[in-house]
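Chain naming follows the written order as A, B, C and D, and within any one chain the residues start at number 1.
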Amino acid sequence: MQYEMTWRVQYYETDSMGIVHHSNYVRYFETARTEFIRDAGLPYNRIEELGIYIPVIGVKVDYKTGAVYDEVISLICRPTELSHASFELEYEVRNAETGQLHAKGWSRQAFTDKTFRPVVVKKAAPEVYEVFRRIYEDDH
Amino acid sequence: MQYEMTWRVQYYETDSMGIVHHSNYVRYFETARTEFIRDAGLPYNRIEELGIYIPVIGVKVDYKTGAVYDEVISLICRPTELSHASFELEYEVRNAETGQLHAKGWSRQAFTDKTFRPVVVKKAAPEVYEVFRRIYEDDH
Amino acid sequence: MQYEMTWRVQYYETDSMGIVHHSNYVRYFETARTEFIRDAGLPYNRIEELGIYIPVIGVKVDYKTGAVYDEVISLICRPTELSHASFELEYEVRNAETGQLHAKGWSRQAFTDKTFRPVVVKKAAPEVYEVFRRIYEDDH
Amino acid sequence: MQYEMTWRVQYYETDSMGIVHHSNYVRYFETARTEFIRDAGLPYNRIEELGIYIPVIGVKVDYKTGAVYDEVISLICRPTELSHASFELEYEVRNAETGQLHAKGWSRQAFTDKTFRPVVVKKAAPEVYEVFRRIYEDDH
């Protein structure tokens, strides 16, 4: 299972080097992740309404080539690991036409309550767990 | 009365034109405004603890010259108008050494509760009003 | 003539008040403006290739209500004034479903060369001027 | 050898969760890194004037606790590895008063020319290499 979406690089995302500032790839990962989860049936704000927060607890990015202003890029994400307390995804950012790789990486998110204490999501919000289980099951 | 602080332009604040992205001046205004109010005795998060929110309801920026990466800039703000429901400040962003003007503008903020409904701050949070009254009184 | 596009509010665009940070509306204006001009036949990076830069020289935003995470918003822009040296647009940001107004404003941009000196775009880059002339003619 | 500086968390750096958006730690790393190098004698824009660019080629962040608005945080960085083609630093972000750890991580940067092709910095810009050599030598 894999989710893919396109994104038009915005002027404010670039920096003096003439390429997308490297911090914005972490934001691209978030965009792809939240769209992926919405696409699977659960908008992220619905998750927060159910009392579940999903702070990022780790992220890694390897940069290959710089995306430039006005470029259309593909944000690709794949589920890699789901536990009771957290889940991991991996990502690729590519030129949408040529497929040229700009960056790849992964992020890990925890399931917590509003005060950022870990929750066992299966018990705390079965509706949320069910969506994640499906996402990660389909992967095999 | 006038408040002035310096800021080092960050790389992520620049864009492909090689200058600070124009949206960031709105952020500079916010930085100057909140430092000014803290300096007058009231950290902004203390204001929120007292149940008062201060959303920006209007902002205007006139751009003159672009600030560049690594430049030290002066963020200058002056109180211009206080009412029961809102307050206004004007700003200048200058090169800290030469005084060259990069931008000037103003912003207006409302006093509201957490749900963004207007409050008469004098009644809702006298402690907050007192600080603002002092800031704006000193101006004359 | 009017250009309209939709935008999904991103998590990183929100702030501690739970709404889109006010500085991001200036970025929404830019997104709408550059898409509008591309839609009229001229990607902004093509304009830069022709040696024309379009720095923002003034912007104003009036904020009405806060857009929230995951909301789909309409970015609407309308050309208002074209001169040899600059052009102005006005904007509205609305909830895409209900039409509720979040903010409105305007921005003015100059035509310059790479060193930000004013150029008469009609002479410096007729191809660029022609697109703008059409955009602003159609408005009447 | 270690470099440490403080930073006041800005309102625009927070998100709807009420904490600093996780992407901003990558920006904090950049801020610490560039201040560190300037402190060692070489402002980053001087490096670019010498024709050397330093794009980030990898970054990793482990998040522990969320920094909040108005908090003063310490940005700490330490040099870990210098080669002819790249260098690595590790970072910690802590509450400046209590020392509570918010995040730690590392980043790796390449030495390139303006077109992002690798350069041997020792040959291409001895002045730059010298500063880095000193930074990394002192570490032992």
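Definition applied: contacts are C-beta pairs under 8 Å (C-beta built on N, C-alpha and C of every residue); 3 or more make two chains touch, one makes a residue touch a chain.
What you are looking at is a predicted structure, and each value in this text was computed from that prediction instead of being measured.
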Selected pair, greater C-beta contact count between B-D and B-C: B-C
Numbering shared by both copies at the subunit B-subunit A contact, with half separating same from different: same
Most widely separated chain from subunit D, with each centre as the mean of CA atoms: C
Chain centre separation in whole Å, for subunit B relative to subunit A (CA means): 34
Inter-chain centre distance, subunit B versus subunit C - centres from mean C-alpha coordinates, in Å: 24
Cα-centroid distance, subunit B relative to subunit D, in whole angstrom: 28
Residue numbers of subunit C (touch at least two other chains): 11-12, 16, 23, 27, 30, 68-69
Subunit A-touching residues of subunit D, taken from the complex the two chains share: 16-17, 19, 22-24, 26-27, 30, 48, 53, 55-63, 65-66, 116
Of subunit B, residues touching subunit D in the complex: 8, 10-12, 27, 30-31, 34-35, 38, 43-45, 68-70
Of subunit C, residues touching subunit D in the complex: 11-12, 14-16, 18, 21, 23, 68-69
